[in-house]
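Read the structure below first, then the notes.
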Amino acid sequence: MDETRQILLRVEDLSVSFEGKNFVQAVEHVSLEVFTGDRLCIIGETGSGKSILLLAILRLLSPTARVTGSVRYRDQDLFRLTEKQLDAIRGSRISYVPQGSGNGMNPLLRVGFQVAEPLIAHRGMKRKPAEARAVELLRRFHLGREETIARQYPFTYSGGMRQRALIAMGISAGAELLFADEPTKGLDETRVLLTAEAFNALEGQTLVCVTHDLNFARRVSSRVCVMYAANQVEAAPTEELFRKPLHPYTRDMLAAMPENGLRFRPGYAPAHNDADTAGCKYRLRCDRCSEKCRQTPPMFDVGGHQVRCWQYE
Amino acid sequence: MLLHVTKKVLIAILTIWLIITISFVLVHTMPGDPIIFLIGEEEYYYLLDNDPAYLDQLIEKYGLNDDMGTQYARYMRSVATLDFGESYSNHKPVLENFLSAAKWTLRLSIPTLIVACFLGAVLGIHAGIHPGGRFDRITTPIFLVLNTIPSNCLSLLLLILFAYKLKWVPINGMVSPGVMGAARTASILHHMALPLFILIIFRTSGDFMLMKSTVSQIRSEEYVLTARSKGIGRQKVLFRHVLKNALVPYSTSLCMQLGSLLSGSMIVEVVFGWKGMGQMMYTAVSNRDFATAQFCFLLSAVCVVLSNLLGDIVNAAIDPRIRREAGADD
Amino acid sequence: MTKLKSNKAMLAGLVIIAFFVLVACLADLLSPYDPSALGVAYQKPSAEHLLGTNDLGQDIFSEMIYGVRVSLFLGIFSALIVTFVGSTLALIAGYYGGAADRIICALTDIAMAVPSLPLTLLLIAYLKSGVFSLVLAISITAWTGTARILRSRVRQICQLPYIKIEKTLGVKTPVILFRHVLPNLKDILLTRMALSVSGAMMTESGLSFLGLGTYGQKSWGNILHFAFFRNSILRGQVWWYLPPIICICVAVMGFMLVGYYGQQKKD
Amino acid sequence: MKRILALTLALLLCIGLFAGCSGETKNNGGTAPTAAPTQQPSGGESAPTAAPTQQPSGGETAPTEAPAPEGPKHVANLIVGTTAANNTFNMTGQKDAFGRMNYNGLTQGNFVYRDENGDLKPYFFESYQISEDGTVLDFTWHEGAIWHDGQPVTADDIVFSFEYMRDVKKVGSLSNLVNIEILGDHAGRLTFSHPDVYYWMNTSVMNTSCVYAKHIWEGVTDYSSVTGPEAAIGCGPFKLVSYDLDSQTSVYEAVPENAFLGEITVDKVTVQSYADQASLMMAMANGECDAYYTYASPIDATLIDSFTGMPDLDLGESPFAGSYQMLFGCSRAPGDDVDFRQAIAYAIDYPTAATTINGEYGRPSNRGVLNPSIKGFDSSIAMLEYDPETAKSMLEAAGYKDVNGDGWREAPDGSAIDLSVIPQYSSNMEVRSRLGETVVASLKAVGVNCHIDEEAISNSEIWEDKVTKEDYDISITFCTSGMSYSTPFRYMLAELREGDSGWHWGSYHSQELKDYYYAMTEAINDEAYLENSKKLQHLADDEMFALTFAWQTSFFPFRTDKIENWGNWKSWGVINSETWFRITAK
């Protein structure tokens, strides 16, 4: 990778927990760095805390969440900013792209306007030119009949069309860092390919994508980070991770893929507040578990390939 | 879309006609000889003693002993020609009584509707935005209690406290006599203060509850998260996204309330001696004043049907899904 | 978070309802005097008469206790009618759809269009005064809300695949309705029933205020009506007019808490 | 957060203004208040050109001599508070406040009026004589009287009035009027075929028997539905100047020419109607009105004691002629047994009934049905006693024992007893249903089973049908003070005179009752009236076919700070036919 890449986002020791009747530890000591041009995919089972991680960075979680650690975007510490300053970054520098299948778009507003909204808010464009720009963006993701569907409402869109419109919305104000949350959820095979092409067509944007669709991750990402039960367990360049997974969980996960013979590892991820999961969360299901695993292993660096497992001490 | 609207209008007219018939049958088969209520108990017994012929003349005049069919036909004709006959109590045309009564009821109900809609919305949004927050924990119990106090008790207690003991507000009636122009308006406002205050309390608590539950539901919707992530600022998120979606159920309930605009709140009007539609309907029904009673039923039926119609149209205007679904379903 | 809060509120509601039902059942044991026995009128609260006596010298405290029985009976009975009528119509409309649905919707619109209080006034003139006629008069116009909400819910349920499968399997309609659809409606039914009980109580107190309530039985509304008729507020007889108001408010609140927060828990 | 709060406050402010001005715009923009005070078409203010007021020459008895020449201090504006509505203004009927005020001769020239002790005094008549045999009435009338529309009252008007009342209004007591003659410029004579003069004057003194303007009412048959201003025109001391339906007030100004009982000492009268007695009393306590008047309905006793001891507020206490009666169903068992009735008379809890009807001012009554303020009251008749033990022993003696041990007494022949108690149907049932509860509780206490007939309470048709068919064991009725001349016995008649049609609710079929009653009402002089009234009372004492629950005190309060020389008439109040000529400002 050439030297022009500079650090865009540095997340250090980020933890998120929710008080209330039962204490939930959603994210535990996650640290990662994102450089310009990176295509990072965060993989993990549902409930491993990956979406919450994204929202925590942009401080979009509900007030009842308790977030610790620090997130530095370029030279600003996001957690120190006032709501106003954070708004200046959201949408214009970092943008969040929700799932296409959910109702991520306001049902009562035209799609064209919603895509153009960041432009109006951050670039001070008037509504008419902004919406024209939005139509171009939709054409760029070739949704078809962009002129007319821009004036239509979200419920007339199919899941795939909605996902691509949301991506357009994310980049409409020229954001350099794109957070995508489960973009392939609820889409059939061909729509997933279309979405992957849409992401790959993005030049100049850095992507942080959360998904549980491994094939999609492989196709879209340059680096992958694996999360399991609120912990970050492995991070490595995509091809290296897929060819030579180091962490037992990652190895088992890849083995369970249809292409690799559907060999399933029985058992479930521990619930968030189980007391006896101190140390390595995968301990109970790991075939190489040893006494040492009772303490939480740190992230070891094996030639640019981080893994949280005592084997690689 | 046009076909849909015409169909709705047709159904509305049919509903109104049905209600007229039902109210006619109900009122006319009501037990109790209307003549007694027509001229008052004492005079009825006096006339029965001294001048029964005149009684028969009255019965003839109001056509009370014709069979139901002819009375119904005559009533239908009069409804068509908008001449609603003469009120039994003061022999004035029903329409004239209605105009004066409606004027007074509207003076109470329109400000109530507007203030309550605004107050209910603003407070509801604040409470809904942070459910379980400090503001919510204070206002919800208050409005819940206000919602449950029977209106007659509250009206009487406040009347005696403010009007009699503290003399802030006149005790009785709608306007002090013998004043004209600006002074008359001032005196109307002065008389209006307490009943308006009570009506606003009740209406606001209803609107507050509705808005709060709607907003607290919408607040957790995904598109609100997306809106916040666009960095367009707290104000725009609130008004353009949260509020707009909250308006759909809120506006339907407002339109429903429009229907009761003219019927007025019977109990508050009876307590304050407010000669509005509520009291007119109450006296008409209890005094078997057929002409006025039927007119009141007809009027409130028309109002409710129109307001439902308006509710549908406003909904379709705001929510494209309903518009398309409406278009598609016939 | 709201789930936790609503449980507490709903719990409070249930406690209130339980208290009143208990008092209603044990009315004969709890009330110190026979409420229709005459005595010295307008006595202040004292040891023998906890809440003093009314204009006939009847003990207000025992009147209130028997009042619980009448008001509760009235509220619950009319709520039962309202919920029964509302749910049957909703089931038919939701399940069969098409013509049945349109007729029932039209019927609901008409019932909604007719102003409730004047119609009740009219009906009361028809029926001889007594609790049953009051219940009938109140519930005739109150079922529309329940019917409308239940109908939309039933239509939702009927779209679900497993109902369609049942139909294709030739399972008889009543079985589908009562074994599959109705259990799903359970919590809406509960909340609507609670809300209609509070609605019925409020209407009863309004009707009694206008002098159209039951003259025979001693409901709270009836006690309150005679308290107002005898100008107890002006004469400062707080012990006569305040207890019925408080009881009505607390009872209505109890049912509303169950109804309102029950609904919230469901969504 | 702060900005939203500020925003909402600003919004609220402008809403308040909007609501205010909506009241404003509604008012100015909207139709001018429809009930703009209608100016009486009085052809301009009639300058007091008419001859100076005629001193009442040779009137039967002139009231207090007109005081010294500088004249009494006039009352600028007498405000009368009433609970009757200010809606209809038609002198031919008795409806609403206008109709009831005309009982006091406010706007109409009533021929005669009944004074404080119930004696007839001339009003529009200057003087009158009744012939020995009661068939001829000679009268003179005030010559200078004018109609409120300025036209003078002529002899034609007088003749027309009697013909109109007899032929168009079909007043029963005038049915035997055969001749109306004019004997001079303001004297006339009526000749009847039967001795009905006394009967006419007594029964119709309140029922709009006054002078009718020929130029208004000639040819009008459907007189009750005339709603124009001409329907309010009369020749009384005051004329209707304006009325405002919204504020429920009507204003009357003095007409000096029609000063029938001396100088009119009140310049203006305002009749203000209130929603109910409570708000009226509160207003009076705050000085917003001077006196209370509503026909035959005194202020409720329970309301009075919140206003006792108020400065400048006289409660206007006086014995009340109206009363509540309990009638036995004498046409069927067990009501037909006089011993049963006498026993029950001891069982009724009179003290509670008295408090229910009249608060602490109610007093148990005697066995003669009439109360002290009614003419002909016989004080020698014994009082009713509440003594359950005597009642029980009398029931046992009469054979009403509890044979089957179910706690309720059976009739001597063993059949079960379950008396049906029917309170008279009326729009306000509160007191009657409370009396019903008292009777039921009292009877049950002595072992007689009974119940309130729910059906009759809620429906006037069913009630009237049951009462006329004598299908009741106990009926509770009310006799207004207005009927005090024909007395509560009118309610107890089981059948009427031949040829008379009308309502009859009694069930005690006895020739004596009928004879005594008609002898009393048609008595041509006081002695006959008093004699028959006593006979009726003793008949009631012996036969106990009915009894009166309690003697009541009535309250017609008035303020004493601005006005003096009030005259509080028994069970009528300070607003009466003489008020306009006697009260003066302080």
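Residue numbering begins at 1 within each chain, and the chains themselves are lettered A, B, C and D in the order written.
Simple rule for what comes next: a residue touches a chain if its C-beta (ideal position, glycine included) is under 8 Å from a C-beta of that chain, and two chains touch if they have at least 3 such contacts.
Worth saying up front: this structure is predicted, and the values here are computed from it rather than measured.
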**Report entry** Most centrally placed chain, judged by C-alpha centres
**Finding:** B
Query raised in the report: Which pair, B-C or A-B, has more C-beta contacts?
Result: B-C
Report task. Return the chain whose centre of C-alpha atoms lies at maximal distance from the corresponding centre of chain A. Result -> D
Query - For chain B paired with chain C, centre-to-centre distance based on mean C-alpha positions, whole Å - result: 22
Query raised in the report: Approximately how many whole Å separate the CA-defined centres of chain A and chain C?
Result: 52
Query raised in the report: Between chain B and chain D, what is the separation of their C-alpha centroids in Å?
Result: 38
**Report entry** Residues of chain B engaged with two or more neighbouring chains
**Finding:** 31-32, 160, 164, 270, 286
Query raised in the report: Which residues belonging to chain C are in contact with no fewer than two other chains?
Result: 1, 125, 234
Query raised in the report: What are the residue numbers in chain D that touch two or more other chains?
Result: 282, 459
Report task. Using the touch definition up top, name the residues of chain C that touch chain D in the complex. Result -> 36-38, 41-42, 55-57, 124-125, 127-130, 211, 215-216, 225-226, 229-231, 234-236
Query raised in the report: Where on chain B does chain C make contact in their complex?
Result: 11, 14-16, 18-19, 22-23, 26-27, 30-32, 131-132, 144-145, 147-153, 156-157, 160, 164, 209, 213, 216-217, 259-260, 263, 266-267, 270, 281-282, 285-286, 293, 296-297, 300-301, 304-305, 308
Report summary line: Given the complex, residues on chain D that touch chain C span 278, 282, 300, 302-303, 305-306, 349, 352, 355-356, 428-430, 433-434, 437-438, 440-442, 452, 454-455, 457-459
Report summary line: As the complex stands, chain B meets chain A at residues 130, 221-223, 225-234, 236, 240-241, 244-245, 248, 318-321, 324
Report summary line: The residues of chain B that touch chain D in their complex are 31-33, 36, 39-43, 45-46, 48-54, 57-58, 61, 86, 89-92, 96, 99-100, 103-104, 106-107, 110-111, 114-115, 118-119, 122, 126, 159-160, 163-164, 167, 171-178, 184-185, 188-189, 192, 196, 235, 238, 270-273, 275, 286-287
